[in-house]
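Have a look at the structure below before the remarks.
As written, the chain order gives the labels A, B, C and D, with residue 1 at the start of each chain.
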């Protein structure tokens, strides 16, 4: 009976999308609709399967272990919902070969769900790679060069993972996570190092992030799934690697620094730098998609901090933030996608005032930005607050300030989006622009709901996280429906929410009592004069003073370093190519030398 | 008593190869159907032989003289498996070969049948001198086919192959002569049981000679210099045959020499090093190529190096991986060479940079993608299991540094295939003629095999569980 | 040293010289003839070693036909190695 | 530099191989001290393979010439392979030389009258001699390969004497095909009649008689015809090349 249940779960979450992938490829014109159905079923089916704990060993030559527990459930909730919303969004924007889009999306969804269900390295690797190459093909639809960058880093990450798996296999002779007994500390170090670095590539941790800005510039409906959904697999992998397989006691065995494992600390530091660098770079982007991409890098840096620190508060915060990030970043990418779909432009400096024509899109993006910047009426606040507290609690004087600076930076680029895209003067070409089509709005609405709900009731999500924390043995935090508590405070969202609303209402009342008069923007700038049409929207060289301040540092680019490295290698390859001289006499000499060499080695060995 | 004689796998192609000129006198049009039919018949027999060999090894005694007096064909599960792969690949490639236009067609078909027959013989035989004879058959058929285009490139490639191939087979002959002079027998198992009677020095020289000689055919590192030019100059179907048939036969013969005959276990790490060097140089030089067929040829070297590495690691898992890799490489590389043939035909150039958008036709694009992903070792295609098992086998033996080098080379492989995919799927190319049935049917067949056994590899692994007996000197 | 060994030795040395000449000489026609001489001596040696079957084959194919084919080939290309 | 390196490599390989070759027993050796292992029945026998050939060869194959017994009967499969190699060589040459075939033949000087007459005279005798060699393969030294080569050399003589002589390619092809089919056919017939490929299914007859040794003469005739026509084909292809 048990095994039937497992196969049922496996069928719904992995095989069904796989089948859907084939079906939608055959569906041609209706591909997207088929895709929606096959993405919706797993999303809905998550509800009956809540709090299940199914685990089965299956022998396919080697033992593999498929599991469906709260960890799986929690991550699936993000990924499947985001996938569904992305599909909805895609109805109106994917016109070019929709069957390819739908089938590849479902394939990567199946891969992602498979990764989440596997508790052994073989199936994990298989599904991971499936997800990787289908994402690669999806990016390929937009740009071959971007796809190539992504693929190289994707494979690099896979090879790191495979090194970790291999060392694990060397010590245990098994792929099961549960067979980890008897690995020496040195072995653990290399296993975890390779695994964490490998998964960190997917999370775009600096300096392995250079693929992300490009990959996130492809088709918006896919990117929202990619950045919101698939990058969470990196989080899942690191969580599994550090806490699921190894566990706290082994991590602490490497030595501790203020109760934080010396293994995790460098990664936390790296995460903080990622948050910082991602944010700084996001501020200076003019391409809307690139801005969001760097912002995504920065936000996932926070998650990395939490996972690296490894205190209960930090890990809970990381998971919570990952959850939030899945929704608000998908929402932002979708919003950006809607704007790009309507205007056909990518550059922020070429937009402006669109909020008057696309009010719903504006509203959704506004909420997403609240969540991203951590403003209390969205759930983005609480997760960030948990992470700050986790860093402050242990008095980390580098990590905490970096995170705070990054948070301020997040305001800067959020403002950039709000002002540059939605506020300000409506440019002439956009006079007659329409609101985004209905499916897009519905998709964005679906993604916004959880952000609002969980801002008042963080306890619901903390309950799931608590389950995960228990199963990984990190320890738990105190929480109730509205709040959580930590050694240096905590937060009560209900109080905050009420306070915020009070302030909001007061402000509203003041605003209304003052009998505000609507002033045309033109009048506002030009004091009532009416010259011929001028463009007043100041969007070029935004934050120029800031950029000037940072100029000396901005000239170092990790991108360029990689380019230099690759050029060095390619030149080297051309040199090595000369071994094949195309002269048969040389070749015959190689043969002779090889014979003598083989003979010598043989004589020596035998 | 044996139900199906493995010798038929050799006799039937031979019979029809001799018959072809006579058929050619009456009608040249039926030739291609005769050839495809012959190989289809052969494939069916290979399947039957393989099924029987799974139960117990088949010893097909030739001429009625018991070994080692006479020659015996010995077909274990693995030999049967490789023979099946070779015949299957040959069948599918022969569909593509129907398109061949260049005269003299009779000779082309005869040579390709004999190449198949030679490869079959190399895999099936249980006699060392017989192995040499079939090595000669295979390589001389290859020389003829390599120059079949009759242009300068073809001649140059074939000439280099002739030079290196004949040096290689001379070494094989020397090795066999040394063994015979010491043991007075040519049967492989007889040699294996009585190996310790040999003088140690002679033993090593004999081993080295055989290793080197078959290494030339198996594309081992310093001996594979002929590969790129020969593959490049040969007709496309012939390149596919080389990659999927003669190279596989060569490496299986090498495996026989290493495991069945000599079983030098402390020599194996050297094989691993040669394997990883083969991978390393193959992949790196492939990156520096601009012509598609040369790139595929060097990539083929890389894949063969991977197989060699798996054999050298020598654990059950790694050798299973190596055999799986033989299967996957035979399928995927044949697919890619056929696709390359179409692309060169459609674009009239070998330069990859001028093949913009060639993969946009799904009949080409999807098999092409599947083939490349399989070569790169992506699940759920068959290329994954071979690579993964070889790696895991290597890890369990503790070859960390070698595997790191190997993975670095693999990353280079990913880079150049991604470069090619980028060009092939880029928009803005011109319109290309759509592929004929003789092109897309083999492509689709290969792609289907790659996907089916990638999704459900269990049957293959069941076959490969016989690796344990192979490693302990069994058939 | 008996006659058998002496004759064998002389033949072997002659064969070696012919082989080196075949490899080194620039005149391809002479090289081909030197190859023929090698084959001829080999066939004599086979005969001395009581292998008449092989001796006949070697003499007719090695010293006869393949030499003729090589000369034809040289005739169609150039006589002097560059 | 390269030349010196090549020389050094060659000399080293020579030394290494020579050191191995000195281990080969030479002269009168006691074959009885070897024994072999039969992997099919898994039994060790106090007998060596060459000794077995010498002792039992005549009885087991009916061939007076032990070399022929080994080449055609004990290791007949190898011979089939070798014939195929030759066939391949001729096919390969034919396929490569194909482009030149249709071009016109160059005017060449005729050979002198002595050569022409002598070759006319000798041609038949040489063919006869070749046929003798392969027909008597199981009785006297020689066999299909040398016999075929002798036949081919008779054609070579014609080519030298008459520059315009041209053997019909079609006929050569038919001859070699039929001969090859005979060889394989005999093998397959053996498989059907006795369960062994290339089984010697004909009666052995009396030793030293022409009609003895079962299928050996049949195979040797086929090999002789095949080798003769193939080598002639190669010579013809080479002669056919005209610039």
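What we mean here is this: a contact is a pair of C-beta atoms (placed from the backbone, for glycine too) under 8 Å apart; a residue touches a chain by one contact, two chains touch by 3 or more.
None of these values were measured; they are calculated from a predicted model.
**Student:** Would you pick out the chains that touch chain C and also touch chain D?
**Tutor:** Touching chain C and chain D alike: no chains returned.
**Student:** When you take the mean of every protein CA atom shown, which chain's own CA mean is nearest to it?
**Tutor:** B
**Student:** How many angstrom lie between the CA centroids of chain B and chain D, rounded to a whole number?
**Tutor:** The mean C-alpha positions of chain B and chain D differ by 29 Å.
**Student:** With chain centres defined as C-alpha means, what is the inter-centre distance between chain A and chain D in Å?
**Tutor:** Centre separation, chain A to chain D: 72 Å.
**Student:** Once you find the CA centre of chain A and the CA centre of chain B, what distance in Å lies between them?
**Tutor:** Centre separation, chain A to chain B: 43 Å.
**Student:** What is the distance in Å between the mean C-alpha positions of chain A and chain C?
**Tutor:** 76
**Student:** Please list all residues of chain B that touch 2 or more other chains.
**Tutor:** 201, 205
**Student:** Would you pick out the residues of chain C that each touch at least 2 other chains?
**Tutor:** none
**Student:** Spell out, as numbers or ranges, the residues of chain A touching 2 or more other chains.
**Tutor:** 586, 593, 595, 599, in rising order.
**Student:** Write out the stretch or stretches of chain A touching chain D in their complex.
**Tutor:** Counting only chain A, the residues touching chain D are 585-586, 589, 592-593, 595-596, 599.
**Student:** Provide the residue numbers of chain D that touch chain B in the complex, in ascending order.
**Tutor:** Those residues of chain D that touch chain B are 16-17, 19-21, 23-25, 31, 34, 36-41, 48-50, 52-53, 60, 73-78, 80-82, 84-85, 87-89, 91-92, 94-96, 98-99, 170, 173-174, 176-178, 180-181, 184-185, 187-188, 190-191, 194-200.
**Student:** In their shared complex, at which residues does chain B touch chain A?
**Tutor:** 159-160, 163-164, 167-168, 171, 200-201, 203-205, 207-209, 211-212, 215-216, 222-223, 225-226, 228-229, 264, 266-267, 270, 281, 284-285, 287-288, 369, 373, 376, 378-380, 384, 388, 391-392, 394-396, 398, 400, 403-404, 407, 410-412, 414-415, 418-419, 421-423, 425-426, 458, 461
**Student:** With touch defined as at the start, can you tell me which chain B residues reach chain D in the complex?
**Tutor:** 1, 5, 7-8, 11, 14-15, 17-22, 25, 59-72, 74, 103-104, 107-108, 110-111, 114, 117-118, 121, 126, 129-130, 133-134, 136-137, 140-141, 143-144, 147-148, 150, 155, 174, 178, 181-187, 189-190, 193-194, 199, 201-202, 205-206
**Student:** Okay, in this complex, where on chain A does chain B touch?
**Tutor:** 60-61, 122, 125-127, 129-130, 132-133, 137, 140, 144-145, 147-148, 151-152, 155-156, 159, 162-163, 165-167, 169-170, 173, 569-570, 573-574, 576-577, 579-580, 582, 584, 586-588, 590-591, 593-595, 598-599, 601-603, 605-606
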